[in-house]
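The next block holds one structure in the form of structure tokens; read it before the comments.
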């Protein structure tokens, strides 16, 4: 009963958020809707017992990625419909009928592909019995420290690379005359 | 109500939304939003399959690293966007079509 | 391994609903009794009593972004550290503490290298951004 | 595991009776339904209590600041002015609700809601006592970190949506400050998790005891430093002085909520005061033994044994003692927070970032590694038990 | 001594770790980086020495160490696709390891002196470390795939080191040339690996040997030729590229743009020898593919041709470079005439004396800052140690008895002579071989005399030769290498397993231990079983019989006697040839009784051809590359105008005007408008389309990607 409610709420939040991301024309709003969608995904994780992943989703996405996106939106001029000094359209560029038509076409094709792949799954897994939810933290920790130790260590290198790379890219640069 | 099918359907919808956002938007940041949606859809798939097939946690690990990579990707991607904006005063994707200057 | 019921998430949902209810309710309650007579002056943003100049949604200092960037990397790092830290005690009891300690050490030190790099390059200095000229469009955009 | 208010109540016979009666009445298993109702009531109690505490927080702040500055403080409304917060509340509801014309209305309305949700959701895992706890999630402390980060989004959106330069600056500063100080706080939490061996709040508290030498604060030197790192970071995360840059009156008018008026402003304030309580509570749970009462009085077993009380009543007495223990420590920290605010001058923005990234974060990482090495080297024993045991060994030799 | 991968891998990994560490610290801590590099290779040398002594101790033909582990496994069901990596050490490998690590150590030490004042002192060592680890990896590899990987890493290092002085334009061009030329060979080599894989299903040497023994290659054809021949030829093309055999020899002389120590290590001692080493490993395949005569011929042409070019060079390093090509030619002759262990011995002896020669040349160049021999002369007194070392090496390379070059080269030539008597195809090989030997003796001593004897021709240079800068780290490597040019280290038995014999015909360890893996003897490998990672080798070496020297080499008494006789003739001939070459050089450049100028004037055309290096560069650069397409076009045009128009069109027109008109109409309307213009138009049309597609619009790419993927998936059935 409650499980289904939680699932439904999360699903509605996820899909509604995603749909709103598609629909809205305001970049800042679409970031907020993305937050809602990701929040819903966290709920979906929680529904199938992936409690640690749900929390990670909250920490990394709600706290991290969305804030980063919001900052990036601000750094590139907010979401006002300004025209910059070169006369270029500065922001928006949120698509028009033509691009949405193309996107719709692609989406149809993609959904054909995915539906074809998923058809068998939908047929065979119609009635699954939910296994009991278990605490995942210890298991995940054990996996990370044993089987996936290499991935764990390499991810630190990946993060280091991302940190250094992004810092170098976005660092303010001195102009020539100084 | 909670079944593999419903999870796959949700992740399918998320994925399609991501595709649409990625192609329809001409704003680089908005495209990155689409990429986040796509990555989330795939991560959700991994967890769902893990739950409904053998219930070992490999899918969780995979999703965990997808999240890690998504974060790194967002950091670097947005860094590039900001740098590009500093150079061009634009975050229109088609302004990024030239290879030089 | 003990199992758990999804009912443990009930309070979370209830509390979120309560938060929305409390916030929405108080505003709704106020709307019945509070005065509502807006005028143009009231609705302008506060700018020391002057007419606001331009939009506030101009570009901001890149420093903010670099900070957010370092933040997200360390956020992810801590997210990965949590499960490993949680099993440390258990592993220590069965005699695997040394290997786990090594892996935690190497994982952390690699990221420390990152923060040392940013420190050396001055990304952590806030003041520098005031002195160093930069290609920031905020001042030009009028 | 999963010992919440429901599992606590389920120990009594009445609970199962009620469940059985309801099951009979409505025709299907009412376990979940009763749990829901209990949770709902408990949540209402918690929210009510904390709203009051938050409100009283404003009163306490004024009173304490007045005390520190040798003034009277509010003293007109009610005895000692204690009803001041009610008067404030009424005022806020009665104030006109102004949304600036140029504002982004959607986010303007959403921002305080986000703050509220972020703060209220963290209440779920605040351990008031071993029995009175809303949810004991397996990932409790991590969940708390995640939910609390919603506040950052709320603050940013609040600053952004007003379309005022003061708000914008305040919002950017606020968000970057909150996320920055989340790092040392989180890493310190990781080091305590490492000591306790689990993410659930219950596990964290059960690793400690009622007496100070059993607390993680005095477990080892790294945890001791960690407490101060966490406390400073928590202050900054809640935008409290001396880290209240986002709302620095002398610089930014009122920061990110410059354009907010009436109840909308009230929500920000309420969220802030409750968050202070929550971080104080978390600090207590992590470092100061949480709800633990000395000499295991909290379990109530001793009352059954010595006084011959009924088991359930003894347990209830134990719970009250635990609640007392938790609230005493938390309010003590709360007092320190207010005390700090009215004692220390505000930092400059560059000092703020320097403090975070060049002092707290390296120290926190050092603490984490130190804790890991300590665990490995001393097999998880606290400094007290090491000294005590060696003393015992020495004593045994003589 | 039981070996596991963990006890063998340090040989490769130490230099590699040195490379990794140095790559980071080289800018700040140059001296530390140099010390790390040198130390790492020295420790590798100790490891190699231990392995070598162990093999000497066992002293058995059948002893080898083979450790494999699965790199990746893509097997699905019954379809096995498994890639193993591993280590294979037999007697040959152990000798090779010792040579590579020893030479590399000495050259590292020498480089600390030679490169010391260079601004990129540290970086040089970074490259050297990477190179050394790659070379050692190649030597230890048990399969062609890892050989190829290390082969390419070496190619890269060679490229970097040739272009080390990248400020000079010539260096940049030379490095590019070396890279591209060897690439031609490498492509064939890869093709060969694939061809072999298609038959064997593995690239492991042992698997290949087993497949050959089992006759898997029979009745396999590729492009209409036997697959064995095809594979052997492709692999040998790799050798030709790497070991600078005609016609891919052009890059090696230009490789001398690199610093001299790197020339010594890479372009004399090790990397170029790796090609020969590969051919030695693949000997059964070459034999199976009936490629040996071809190989011998290529080797002969290379040996002789390069020697003739060396006659007229004036740059001291150029002489050495051509001499290297020529000596590599001898090794290839050795392979071609089936003189397996002599070819390998020549590889080793050549590595030693050529490294020493290069290092000597390096110390001369570094002392006088000049490479041109006509400006040298009389340096004997200034550089006595260098002179001594170079003298010994020249004796060795010229084939004077008691020196190493004599032992190995004489054996190759002797076998060539034996083959020439039995098979007329080999007659030119023998002639070219002996001729080359004469020229070798001549030009090496020409170089020696021009450099060290006579009066100083350029007093400015002579006076400024600062020999006081020569230190222990420049002389000791030279002298150590020079000592090892003595023949008794290779023939005879200094390890105490047989009797010492200065003439090198009795009980010598080299030919006792290293046996030709010809098809007849491949059964030896059949007992092989792959072992898991790090497992101890199950072969109990105590059970292995000690190898004994077979004077008859498995032939009957009579045959052996016949062969010995020819060998004696060959030996005497080569001694005479060597001394006459030396005498000729002596009389030309020391006694000056013969005027070399007369010879160059008399045979001016020849001299020009030699100076022009037989115009190979002109051919490649000028003819094939630059004008490759235009002459082809011209040819077509000439055909059109000169033959078709002149005879066919005019003739036909005269006979039949109607046909002519029709032809012209056809020409105008169909060929020109339709096809020629049509081609242009279609290109323009495609251009428009392609330009639109190649718009840089990432979303478009993404869409196309999705559509292509979709069209693929939707056509699948599952």
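Letters A, B, C, D and E mark the chains in the order given here, with residues in each chain numbered from 1 onward.
Throughout what follows, contacts are C-beta pairs under 8 Å (C-beta built on N, C-alpha and C of every residue); 3 or more make two chains touch, one makes a residue touch a chain.
All of these numbers come straight from a predicted model, not from anything done at the bench.
Peer 1: Trace the shortest sequence of touching chains from chain B to chain C and report its length in steps.
Peer 2: 1
Peer 1: Could you run down the chains that neighbour chain B and chain D together?
Peer 2: Correct list: A, C.
Peer 1: Which chains, if any, touch chain D and chain E both?
Peer 2: Of all the chains present, those in contact with both chain D and chain E are A.
Peer 1: With chain centres set to the mean of the C-alpha atoms, which chain is at the far end from chain C?
Peer 2: Checked the centroid distances; the maximum from chain C is E.
Peer 1: If every chain is reduced to the average of its C-alpha atoms, which one ends up farthest from chain A?
Peer 2: E
Peer 1: If you tally contacting C-beta pairs, which comes out ahead, B-E or A-D? Let me know.
Peer 2: Between B-E and A-D, contacts are more numerous in A-D.
Peer 1: Taking each chain's centre as its mean C-alpha position, how far apart are chain C and chain E in Å?
Peer 2: From the centre of chain C to the centre of chain E is 61 Å.
Peer 1: Using mean C-alpha positions as chain centres, tell me how far chain A is from chain E in Å, no decimals.
Peer 2: 55
Peer 1: Which integer distance in Å separates the CA centroid of chain A from that of chain B?
Peer 2: Averaging C-alpha atoms per chain gives centres 5 Å apart.
Peer 1: Averaged over CA atoms, how far is the centre of chain C from the centre of chain D? Could you give it in whole Å?
Peer 2: Comparing mean C-alpha positions, chain D is 18 Å from chain C.
Peer 1: What are the residues of chain B that contact at least two other chains?
Peer 2: Those would be 19, 22-23, 26, 64, 67-68, 71-72, 74-75, 78-79, 82, 85, 89, 93.
Peer 1: Of all residues in chain C, which are in touch with two or more distinct other chains?
Peer 2: 2, 4-5, 7, 9-10, 55-57, 60, 62, 64-65, 68-73, 75-76, 78-80, 82, 85-87, 90, 108, 115, 135-137
Peer 1: Name the residues of chain A that each touch 2 or more other chains.
Peer 2: Residue numbers touching two or more other chains: 2-3, 47, 49, 52, 56-57, 59-60, 63-65, 67-68, 71-72, 74-79, 84-85, 99, 102, 106, 110, 135-140, 144, 155, 159, 162-163, 166-167, 170.
Peer 1: Strictly by the criterion at the top, what is the full list of touching chain pairs?
Peer 2: A-B, A-C, A-D, A-E, B-C, B-E, C-D
Peer 1: Which bits of chain C are touching chain A when the two form their complex?
Peer 2: Listed in rising order, the residues of chain C that touch chain A are 1-7, 9-10, 13, 55-60, 62-66, 68-73, 75-80, 82-87, 90-91, 99-100, 103, 106-108, 110-111, 113-115, 117-118, 121, 123, 129, 132-137, 140-141.
Peer 1: Going by the contact rule at the top, pick out the chain E residues touching chain B in the complex.
Peer 2: Where chain E meets chain B, its residues are 695-699, 702-703, 706.
Peer 1: Of all residues in chain B, which touch chain C in the complex?
Peer 2: 64, 67-68, 71-72, 74-75, 78-79, 82, 85-87, 89
Peer 1: Can you list the chain D residues touching chain A in their complex?
Peer 2: Residue list for chain D touching chain A: 1, 32-33, 36, 104, 106-107, 110, 137-139, 142-143, 145-147, 149-150, 152-153, 156-157, 160, 168, 172, 175-176, 179, 182, 198-199.
Peer 1: Can you list the residues on chain A that touch chain C in the complex?
Peer 2: These residues of chain A touch chain C: 2-3, 5-6, 9, 46-47, 49, 52, 56, 59-60, 63-65, 67-68, 71-72, 74-80, 82, 84-85, 132-135, 137-142, 144-145, 149, 152-153, 155-157, 159-160, 162-164, 166-167, 170-175, 178.
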